[in-house]
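Both complexes below contain chain A, partnered by chain B and then by chain C.
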Partner chain A sequence: MVRQFGEVALAIAIAPLFAGWIAQCRAWLQSRTAPPLIQPYRMLRKLFNKDAALAIDASPLFRTTPYIVFGTMVLAAAIIPSIATDLPFARVADAIALIGLFATARVFLSLAAMDIGTAFGTMGARRDMMIGFLAEPALLMVLFNAFLLSGSTALPSVVDASTAHPFFVDPSLIFAAVAFVMVLLAENARIPIDNPATHLELTMIHEAMALEYSARHLALVEWASDLKLFNYACIGFALFLPWGIATHGRDGAPELGLAVAALLVKLIVAGAALALIESLSAKLRIFRAPEYLAMAFLLAVLGLLVHLLLGA
Partner chain B sequence: MMTGMTSAVAIHDLHFLLWLAAAWIALGFMGMLRPHTTRFIAHLLFPLGAILCLGVALLAGIFLATGHAPQMVILPLGLPNLPFHARLDTLTGFFLLLLGLAGAGISIFAAGYFRHGQGTPPGLLCLQYHVFLASMALVILADDAYFFMVAWETMALSSYFLVTSQHRIAEIRRAGFLYLLMAHVGALCILLSFGVLQGGRWQFTFDAMRGASLPPFWASAAFLLALLGFGAKAGLVPLHVWLPEAHPAAPSPVSAMMSGLMLSTAVYGMLRISFDLLHIRYWWWGVLVLGVGLFSALFGAIFATVQTDMKRLLAYSSIENIGVIFTGIGLAILFDASHLPLFAALALSAALIHSLNHSIFKSLLFLATGSVLHATNQRSLGKLGGLIRSMPWVATLALVGTLAIAGLPPLNGFVSEWLLLQSFLYTPQIPHAFLNMLIPLGAAVLALTAALAAYVMVKFYGVIFLGQHREPSLVNAHDADWLERIGLAWLALGCIAIGVMPQLALRAAGTVTGALLGQTVNLGSPFWWLAPIAPKQASYNGLLLLAGIVAVVSITFVVVRVLAHGRMRRTVPWDCGYPWQTSRMQDTAEGFGQPIRHIFGSFFGMERELPSPTDVAPRYRIHIEDRIWGVLYLPIARGVQRLADWVGLLQSGRLPIYLLYSFLTLIALLVFVL
Partner chain C sequence: MHPSYMVTEVLNLLAASLLLISFAMLSRRRTQRLITLFAWQGLVLFASTLLVAYSSGLRELYYSAALTLLLKVIALPWILQRLIHRLGVQWDSETLVNIPTTMLVGLGLVIFAFGLAQPISRMATTITRNTIGIALAVIFLAFLMMITRRKAVTQVIGFLAMENGLFFAATSATYGMPMVIELGIALDLLIGFFILGIFFFQIREQFDSLDLSNMEALKED
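== the complex of A and B ==
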């Protein structure tokens, strides 16, 4: 139980750092002066100290949504085996249920965006739900692939299965990994689909939904979206780069320390890679998003077929 | 019959259930005693009907939990040589449980709803309503083809009269006619299917049909006829056309009954014939049902996103859910034919639990639209909005149904979708070279459908309850009365209960799969855990998920309040600083469906009228049509018309010609006889 709380606390603590790291890498790649790494924390502190300005017509749904979204993301962080597989919460939901949990957060945020009844809020809700239904089939095919390799959709079992023979990489995993990264970028409002730094009204997706939030509510929404990115990265590590995660029976203090170190290294590399991808690609028009996610889907299906054809 | 006689206690369940059905009919006739006294009918008879529903659910639940031995009885009713047979087994028990649970909520709601008595007088409505309820129970209890068809037709007719209760509106009469027509085409197919199933022995009891080993051709014929017949009732594409017309036309409690309960009787019939009466299942049946189910699910979801009438939107969502259920049935047939009974049991459990879930959350949402309709007199999404402020009760309870039907954890819709996705994971084990690669793609279609369902529900809830009032009159909308709230709350409670205790539903479904397939999924885990194959393989725990979210949310709330502060002020919305905002600037229902029209354009027959820049009175109109009308139904209608025209050539209207026909017929007959 202590380890469970430790894992969650670590996730909550370093999720903004991960987002800050990506922002820093992006700034370097674009030869700008990078903001300090702790900039996201300063932002959160500032927001928590401000007075909340709430629209006149906001219903209780609007006010509770930031807490619910934050809560689902924290819970997801408890379920995903980011440092150890043998944790009490790890079996509460398998990977498919995790997608469902993310969908719950998305639906709440979309409903809250529609609650005020402004033009941009509903536009953001509509677009975010669209990205959601386009991304889900691709994500499911990625998980299908993982299931075929390990015989399980529970992430701890996937990690246990793949760390059992660490130097074997199935070719289908490469396709699945590329598809997963594409979905990750789309789901977390990153560049080819959405721009986290944009404030140009007509291109916003995630920003448009958070537009009416201020102060502590906005802080929670932003923190939750950092956590979502962190969670997605950890799902990716569990599926494709499970090395270092403390597995069942081998999770004493030294192994856990090693697992934390491995996680940090992976996050640093992954953050730099994400920044590189984002800097090299241009934002797509919103109606090119179906093509982009269809490509992710086809890659995942290719991975599946490769596995079935080669493995049979 | 032997098993029924063995224990005197066991026979009681079935007798009680039949008496409860009879009591519903009696309640209906009591309504005719004082047909215009709304108080007597609404505050006495409908609540009594709800108590009977609870009784049915309780008896069925006890039967599923304790004895699984089938019970049979021959009723002293029917034709001299063709008495009615009734039977209670686990499949019957499961669907009676569903009927009772959802029916109780609907009846209590109806007690508050039918207060004004528009159209048909309340007494007559009460009769039709309770006969409808009883006939559905009898369809499920029937154990011979004759009794089944009598109950089936009673169900169709009573619901027809309920649909047309506002019969002064031409549109509703038309919807009713279409419904009656499709119901009868379906009933004919079912009748033919029973005709094939009796296998030349002219025994119409289901027991005799179980014994008849049909040759492959006739078995397939019976199966296909059943699929057509029950598919027409369930609303599978392309036999769905009546559904989006008839469900919105009916009063809301009746829409809820038709969508939540009557569609389930079609699922029941399909399961009864394909898993019980037929002794064998072929793999291509499974592929066919799977294909039709997936297509219906996707079709329903896509069409639901572009609807602008709230009840039509829900009707299309019913098509989607029925598609999901039939996807599960198709997978179960496929697994069963491939000798993988464990996975067949998993898929069938998913289909059964989804039927149960659908009956609960779809009833809840249809009833919520009823309250909205009462409060605002608006069915069009374009004229609603912001009702969460004037109708907090309905909005809160509808939110539960919305999240449940969108398939979100920790509510019940997610449980069945998760089970179905789990069973898809085993499709690569099917021993057919191409099927094992094609069918996994079905899982992607299912995921797309589930995500589209979430889109639909965000639209449904967001446009009705959130945002600004789209019409000034909505400020005066009143909340539902207490009877309506009880009905809605009962169903919302069902959504939560099945979501956090999924193992209970899985155990109920397990008794059915045990009887039909001889196999159950892993039922050993405690009632809040779900691990259908093995905990190592995949597990889900709704209760812990809900508890976790509630705990984290409360801790976060307290921490934020203690470490930061709770200061807040109310201002006008920010909206990027645009100063001039009206409620007309929100997304309309059409606007919210726009990405779908863009992406899935080829599904629709679209007719657009766009304003040009120079228009003095700009007008934007879009009309969306089901392509199936043009492809399938209109050619059939034209064919019938042409045939009628040809027959019409015989009718000249002159007496000598008709006499000539008689004369020629006589001559022909004489030639034939001699």
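== the complex of A and C ==
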């Protein structure tokens, strides 16, 4: 139980740091002066200290959504084995339920964006639903790749199985990894699909949905989206880079310390890699998004095929 | 872990990346990106040939690996780059019909290739027999690329990618062809490539573009 709470607390605490690190890397790569690493925390503190303004037409749904979204993301962080696999929560829900959790958050955020009735919110919600419904099957296919290898749909078992053979990399995982990075970028409103830094009305997706939120509500929505990115990164680590995660039976204090260190190293590298990908690619037109996500889906299916037919 | 098992693992990994690059080539619009991907494909091919050479202990395979490195990773991409610079088409992009559809057809081709290769792989005795299906799939995907592209340069890249697939099939099914044949193919490839390079200029002079659909108008009834 201590492990469980520790992991969730760590996730909540360092998720904004991860987002800040990506922003910093992006700024360096684009020859801009980088914002300090703790910028997201300052932002959150500023937002929490402000008074919330609500639209007159806002229903209770609009007011409760930030808490629901934040809660689902925290629950997701509890399920994903980011530092240890022997988690009480992780046994309750498998990875498919995890995708359901992400979908719940998306539905609530979209409903809240439509609730106010502004054109931008509705537009952003519609676009986000479109991307979500295209990205989910791709993500499921990626997960099926890992499930086939380990014979289980629970992420901790996947990690346990893959750390059992440390030098074993199945060829199908290459395809799955590429597909997963594509889905991660699309789901977290990163560059080929959406620009997290944009405030240009016609192109924004995630920002458009959060447009009507202010103060503590906005802070929670932003924090939740940082957590979502962190969760996706941790799913990626669990599937493709499980080294260092404290596995079942070998999770004393030194192993946990090692796991935290490994997680930090992986986050630093992954953040830099994400910033590099984002800086190298251009934002796609919204109508190209189905094509992009269809590619991700096909790659994941190809991974399944390679696994089944190569018999490797 | 047993060393030959490790070699098979790495070879499967390289084969899978070859297939991945083939799919990436199928989906790229810009000619320049295609050339970069072609060079990467050559590099993976070089690595896999080297590995097969190491595990089988055949000297000829080292030579053909060196040949691959020289020709497909360094020479041909460099010539192609110069060519598209001279032709002024380095930022050319093609309006492909529909990438998801093309990819779906490619997926079908991969299944077909795997099915086709299964009886062959059962007969083969090399350590690389699992990858015959992938080699066939790479050939088919290069075919598909040649079919879906309209521009002369991209069709030639498709042709070269097909040769990569054939070479990989040869190493994976039979530990490579005899050295004489391999040298002959390499020379043919280079010469054919030069002729095609000259053709590019001729085609452009005739039609003011490298779009091959213009050539259909040449038919006489």
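Following the convention adopted for this analysis, the second predicted complex is superposed on the first by the 311 of 312 C-alpha atoms of A that agree within 3 Å, B and C clash if a C-alpha of one lies under 4 Å from a C-alpha of the other, contacts with A are read in each partner's own complex, and residues count from 1 in each chain.
As a working rule, a contact is a pair of C-beta atoms (placed from the backbone, for glycine too) under 8 Å apart; a residue touches a chain by one contact, two chains touch by 3 or more.
Keep in mind the model is a prediction, meaning the values are calculated, not measured.
Asks: In the overlay, answer first, second, both or neither for which of chain B and chain C A:Val301 touches.
Replies: both
Asks: Look at A:Pro254 in the shared chain and tell me whether it touches chain B only, chain C only, both, or neither; answer first, second, both or neither.
Replies: Touch status of A:Pro254: no partner.
Asks: Can A:Val178 be said to touch chain B (first), chain C (second), both, or neither?
Replies: second
Asks: Between chain B (first) and chain C (second), which, if any, makes contact with A:Pro290: first, second, both or neither?
Replies: It touches chain B and chain C both.
Asks: On the A-aligned overlay, A:Phe133 touches which partner chain: chain B = first, chain C = second, or both, or neither?
Replies: Touch status of A:Phe133: first partner only.
Asks: Kindly list the residues of chain A that each of chain B and chain C touches, one partner per complex.
Replies: 290, 301, 305
Asks: Given the complex with chain C, which residues does chain A contribute to the contact?
Replies: 167-169, 171-172, 174-175, 178, 290-291, 294-295, 298-299, 301-302, 305-306, 309-312
Asks: Within the complex, which stretch of chain C touches chain A?
Replies: 1, 6, 8-9, 12-13, 15-17, 19-20, 23, 27, 99-100, 103-104, 106-107, 110-111, 114, 130-131, 133-134
Asks: Inside the complex, what are the residues of chain A that reach chain B?
Replies: By the definition above, chain A touches chain B via 48-49, 51-59, 61, 64, 67-68, 70-72, 74-75, 78, 89, 91-94, 96-97, 100-101, 103-104, 106-107, 110-111, 114-123, 125-127, 129-130, 132-134, 136-141, 144, 147-148, 151-154, 157, 201, 211-212, 214, 216, 220, 287, 290, 297, 301, 304-305, 308.
Asks: Quick check: in the complex, which residue numbers of chain B touch chain A?
Replies: 385-386, 388-389, 399, 403, 406-409, 414, 418, 421-422, 424-425, 428, 436-437, 440-441, 443-445, 447-448, 450-452, 454-455, 457-458, 461-463, 466-468, 535-541, 544-545, 548-550, 552-553, 556-557, 560, 563-565, 567-576, 578, 581, 583, 585-587, 591-592, 594-596, 598-599
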